[in-house]
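A, B, C and D are the chain letters, set down in written order, and residue numbers restart from 1 in every chain.
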């Protein structure tokens, strides 16, 4: 098990992380992974090798279709295939687990989540309305047999079944099994921040699926690590077939309405930028954010409900924005720190970030 | 005083109007006009003749900067110069009176509203933040000396000072003094609807500044009145210098958050369509909507407030949408029914809708 | 075969339709349907009865991934599950057939289109980037076993294989097999308009999947047919489990960039409004639009290409907008006129519009 | 005259700047300032002291209303009062100089630009349509008598008259006369980058009006200068009445349509983030971008024009995005490096960045 960046004594930002420094520090949030690593050698399209998976994020452990949560989405770069965004924009709610996977697998994962919702809600689409499903993706085709769409219903259901709060596994697993970041092996990363408020603290958490960037752009705490590691073996993403993407899921227990959650989401790319992300033209970068502070019950008979909300001008908004930026920055770095080397199709290698060398530079440079 | 369409026994839609059938039926809402009709004859750019004005809509009679209201905006066709939309989108609030005027006068009216906000809040911009001002406009240059920008600070302040609840004057006055609609004289129109809910009724009101359309497109209750009045003298807007626009202000006492108010606003163009509006390429069509159900106090010390809200799936949402469509349809028609003939620059004539002929057709056709 | 509304001598709007009065009048556009009508009687979720299908619209008959077309999307009401919108917004292109289906089937249809793109482009996701797929949907659960997701890969491929230009079948087939509109049987409708320009004519076409509305709101050419047919047997959608939706696909041969195509798309709801559509809260209403005037080749080596474009202020823009409104209005009406009665699950009946009675009223009323 | 950051040998990013390292490196672009620094001592609202101004950016030296340029806008944080955005979104063009000023002065500056357009186009609003004006702003009330709205028509016209290509003056002048950035004196900054393409180079330029940030967040080339300068006298913006904002104007000679320009604009905040900007809740952050590659003639008789465009997948898009990020980062830093100390109202001091100390740290840390 590789260590997280904070295990090396490196702090990102000024806010304190939560207990697990993970999106699951937001009470109730659960994360589950299914990792598919099968076969080796030459790519046989549709057969393998398989280096992919699915990661699910559940706002709470109850029936999400019955107990929706306030949510928002934000598209940094729309060159991607994320689903479910239109309804989140219109209704401001999330009503199913969020799933991340590979880009060509979106349809099957979407269908699997529909199946899951039907199982939990046998009247779905009969007595009730349909269900909206948010699926995000990046292109793991450098290592993975992308055309095979190997993530099937059973893998999605297994990820949901295994989802738990507490520590979140990071690196080369789940939807991050086959992804590349800054020319090294990327994957899943997560982080959290505590935001002090006058009437109690709030928590913000982020989970990212990283699959973007050129080596020489990588920055860690301001240090141009990418350029400094110029002799390290690396895969320039410029040489790969696609430019990758990043999916960002944010959670908070602050009581925010959808419009305010979207403000949080729009800050995520500042966190990316602090790692050296240059927002490439062909990178689909999306943010999904939800609040666990309240649940919006389906089909309430009464017309009017009372909702908690933070005022636009509350000082704590600045803290929440800062927390988003810090979480995203650290989550991206942890996806690199925690990812193991993965050898994929056609002998393509996703090399693990050489953490010792990186720490040499950081220790030399950080004040 | 010309009669409203409903005074002729013509009902638009199926919901009942409020007491005044005006935006002021939403308790607290006030409307004020200043009408500028000066000079005659040939256009002397910058001097006259003047056929313009300003109409202000106040969500309540108190200090709006201190007691903001939830709000949203919606752009049907962005070929226009409306101001203040970015902040309403970001913060979901309105913090100054909404003003409507002519297109080149937006800057001076905006400045006048800033002056008004400073007068009411002497610490504005010193101890507090700046103020956001929503100004809408249409192009009344067919009748008016547009370049003269004749609406000045005193006219805006007079409109605010005279703003009142109760009956709203309609037709060729205020921001509608010089506008044209479907080739006849347009102007200000208003209407309201009562929306029955399980826990009490809500009110929706609309006020429009109409300045769009070709004669032959006009439809009243489905009857192609424009084509039927083919021998009536009329000004084809195709012959005028600009294609006009429509500004729509909506108010409701239903407790809706900004996202939901935007949903209401997005329904307004269905009301326009039912009058025959074909959404011309050069027509700037904008909607501003606010709720009076709650006030959002500036700079609240506490972080969390409780807000009332209607659930997305509450049945009453359909009623509110229907009310918007009906209000907008009737308000446009009333702007035509109430507008008197206005002779403007260069002998241009804005001919009043020939109501008797129109009613002949309607009485013959309506079932 | 039921007759179209125009076969009864009823003209909608003032522009002339193209040769087939169908979206396929835009040269190159192809439409294909697969209709699934299997089983009868009581709903056995997952088994049937099946009353659904898929309709595909292809901008041209060549490889769409290699030869993309300029495109845009517009969301009238985002309460729906349409996919692929983010990338169309970002890149302004369509690169796969557009498919319409039932709401829970979106995942499988999306996956089928990915499979189709892989078959046509064996290097997809290996040497090239991923593919973006636009799928639209409405909820046909009143008649159909929605949970069964009966539209499978073979059905999508069959629809594509059978897609042709020329006449388009309308009514209760393809994605419209199980839909309801204004309380009667809805389905697929299409129409087209010729827009005269100074340098030649343009064509605009629309295809709709109608699944919305209450009986008493239906308007045909301004006549409140819905209220007039008050004794006709009908299904009030208010009594059904869902409020339905409408999907609108627009095509044109006018050379428009994505931003301008979006302007066209935003006019579609005026066409809906003219049929009495009240844009219900729970109706997902989406528009997809593309131009066939130019093809955007994938991965062009050169940086700069020359593109044709219509100026913002060209008079023909008004004509294109008008054409959109007229096409959508007529396509909705044709979906009703052409739909046959369909008996679905649990004995639910989608009754065909009683055209004779409707025409009685129209003939009596239209001037 | 203070030196720019690059004069100290500090390079930002990897692309080369243009000749002047200014937005005016984009051929034809002109910049003009009017600076108002009048009075001293205690704030007398409406009278002074005055520490403000206006900066104008002209895409070319000809009549902009007659020869519009492709343009786009992007709102990072809509808590601001920028005008003219709706029409740029709808039509994709800029048709007047862009002006930057203080937040309460937007109305008068807008009106002055309308006056300027009328003077250049005597038929404006008579034979032609109205004119759309883009004005940006930040709140300079910490130093300036904001309520006075001291920027009048003559100041705007003087800025336009003095606008020139070549070197751009930076720091405490024009719209940056009274602004604060990271607790030090901010102001106007600019930079440019050359983007190599296969068929020739493109230029991207940025001009910023900086008025945001807390001291301890400032980062220069990754070095946390803000925290390192912990003993330097500084004004924490947290103590001032407003949180400030940043206006960003981008120019390029690359032939991009509006949709693509918006993609450029959406990258600007990554440049901000690299300076330590944390995108505070109350900071209105806006981007305006235009291309000089082509001019869009008003009211062209012909319908179809040929437009140059870069393909979505052209490799040069990544370079253009990188250029935006680097330009914005350097322009913000130059606004700090070039700004002189300004003493404003009530003895408030905008202290110039202690460049020697900063360079000590940078020289010690940069590799």
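As a convention for this text, a residue touches a chain if its C-beta (ideal position, glycine included) is under 8 Å from a C-beta of that chain, and two chains touch if they have at least 3 such contacts.
Computed from a prediction, not measured in an experiment: that's the story for all the values here.
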Result of counting contacting C-beta pairs for A-B and A-C, higher pair: A-C
Remotest chain, subunit A as reference, centres from CA atoms: B
Between subunit B and subunit C, centroid-to-centroid distance (C-alpha), Å: 34
Mean-CA-position distance for subunit C and subunit A (Å): 34
Centroid spacing, where centroids are CA-atom means, of subunit A and subunit B in whole angstrom: 44
Per-residue multi-chain contacts in subunit D, two or more chains: 77, 90-91, 129, 243, 263, 282, 312-313
Residues on subunit D engaged by subunit C in the complex (per definition of touch): 90-93, 129, 197-199, 255, 257-259, 263, 296-316
Complex contacts: residues of subunit B adjacent to subunit C: 14, 76-77, 216, 219, 221-224, 228, 243, 263, 266-267, 269-274, 277-282, 312-313, 317-318, 321-322, 325, 365, 367
Residues on subunit C engaged by subunit A in the complex (per definition of touch): 43, 45, 75, 77-87, 89-91, 103-104, 106-114, 118, 122, 124-133, 139, 141, 146-147, 149, 241-243, 282, 284, 286
